[in-house]
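Both complexes below contain chain A, partnered by chain B and then by chain C.
Here is the complex of A and B:
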């Protein structure tokens, strides 16, 4: 599917996740965040960068991984990205939705 | 999603934890009510010593007689924990911390706590409170609430 954000066409899947990470920019992340009623702060961006590093390094994302990340604790993670934090943060980060059950 | 955990075997405890955590990860509220043997999973001294049931469990694919031999439970438990670690599944204590931090509310059943002569300090700090069945049902008294007995 093609989605237009700020006049830029990006490829997304039916759930709205970017299918091509090379199309991701901070502006696009910011717009996706707004769609999820999130106003991005420095802390949000720190988490987003960490998630992108993990995915680039092919490390699986999990809630336990967040706990060990040293970037953020689980409570804060839930507070920053309400409504399913891993789901929402990966969408903003332009990476695939995690397939893990934990 | 409200879960009632009444058993202390590893497979049941993890089923409840994974389902409750999975709900939170999807943005769904979740709570666990620990009752009867389920209380073992929130007792400081016992929670890291839960075991797999090797007797009366056809899915183990070993004869019941063998399952009852000394050391069988410990062996099966060790093997299962190893597999879990491979999948990055946290140990029980850490899992409870994750659940609590994720906003999953953990409750202990008052009647069962009294029956097993437990005190508040025997239970992990993450427990919200020790409540009655009625209190728990009151929490479930909302639209779109699901109760699951494990």
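Here is the complex of A and C:
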């Protein structure tokens, strides 16, 4: 599916996750955040960078990983990305949400 | 004489011993395999034990029986791998190796969550990922008359990621058959965003939970078990009450991996996802649940890996470049209860889709669709496991790399 954000066409899946990370920019992240009622702060961006690093290094994303990341603690993570922090933050980061095999 | 040492005689280690015994020149190579236990368990059977579908004897056999002649079996605990010096310290002695295969699997770590491994463990909190846990749960279920059953996943990755969902489906059938389904509330709790997280699967299978009246709680990241008040609590203080909690605790690699400094956060060994060589030591290879590769942790995956790994060990011995061949191929039957099952066949790139398997256009098995035949396939897997898989015999019509034939890919 094609979605247009700030006049830039990006490829997303049915749930709105980017399917091509190379199309991601900070602006796009910011717009997706707005759609989820999140106003991005420095702390938000630190988490987003950490998530992108993990995914680029092919490491699985988990709440445990956040705990050990040293970036934030889990309560803060929930406060920053309400309503399922991993699924919301990955959408903003332009990477796939954590999945099972089915 | 050179030594090839296999650590772990579970599904993967046993398969590798059987593959390699006939392929490594006997005059140059001696093969050793080490495992702490006498018994080899058929772990997929742990799903059926709690429901009295299988009994104890159907899921355990003496491990040594499956180790071929010509391979030396050491029933000992592995204490440490000294990768710098090519040595393995055992509880009683030392083995030196030229090539090491790590096949120590993964296991549950209930101590990772506060209140889980508490005095309520195996009283109101159960696992079914161990033999002892599955049996204790069977006894509990025999007595269970009414109340809230919560089926719960602590965190990913877990081995056989569909097993908890299958457990919920089988519980529905079990209580239905006993005539008490209306007295039992079943809730499925997952840290992920849904019971089905892949596009096709959630479209095709979303109906299942509703049909079986199983409640769903998603995005639940457990912080602790309040075992006194029988509640699980997440990081935003959301609470779910239970009378019986069936959880899949955190899955981790063995402590020996941590002690040896060879693992990641979860004691899984960083491994090349296509060659199965360890990323840090060229004479160490890793297979099955012990790796960190992003494939499912399943016996079928280990089977496909074992074929690639056997070729790669021979290439390595002959100083040839390794094949970047393993594609994440996985093939799993998923019990949906009432004598039906689904079948999925997928790899790193291709998510599960509908279609026919193993013969394109013919089947007889159907992918991503419930059928009685698939259920018979799941039950037959036990025979296949003991008689073909462990012995390293190829499964008819099913190749190591996933085939796209017979799959409805662009639907």
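The working rule: the second predicted complex is superposed on the first by the 99 of 102 C-alpha atoms of A that agree within 3 Å, B and C clash if a C-alpha of one lies under 4 Å from a C-alpha of the other, contacts with A are read in each partner's own complex, and residues count from 1 in each chain.
The rule is simple: a residue touches a chain if its C-beta (ideal position, glycine included) is under 8 Å from a C-beta of that chain, and two chains touch if they have at least 3 such contacts.
These numbers come from a predicted model, not from an experiment.
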item: Clash or fit, chain B versus chain C on superposed chain A; value: clash
item: First, second, both or neither for A:75, with chain B first and chain C second; value: both
item: Chain B versus chain C as contact partner of A:58, first or second or both or neither; value: second
item: First (chain B), second (chain C), both or neither touched by A:40; value: neither
item: Contacts of A:13 with chain B and chain C, given as first, second, both or neither; value: second
item: Partner with the higher number of touched chain A residues, chain C or chain B; value: C
item: Touched partner set for A:97, first chain B, second chain C, both or neither; value: second
item: Which superposed partner A:87 touches (first chain B, second chain C, both, neither); value: both
item: Contact residues common to both interfaces of chain A (with chain B and with chain C); value: 60, 62-65, 74-75, 78, 83-87, 101-102
item: Footprint of chain A on chain C - complex, ascending; value: 155-157, 161-162, 191-193, 196-199, 201, 205, 218-219, 221, 223, 235-236, 250, 264-266, 273, 294, 296, 330, 332, 334, 344, 346, 352
item: Residues of chain B defined as touching chain A within the complex; value: 18, 21-22, 24-27, 87-90, 94, 98, 101-103
item: Residues of chain A defined as touching chain C within the complex; value: 13-14, 58-60, 62-65, 68, 74-75, 77-78, 83-87, 97-102
item: Sites on chain A touched by chain B in the complex; value: 60, 62-65, 67, 73-75, 78, 82-87, 101-102
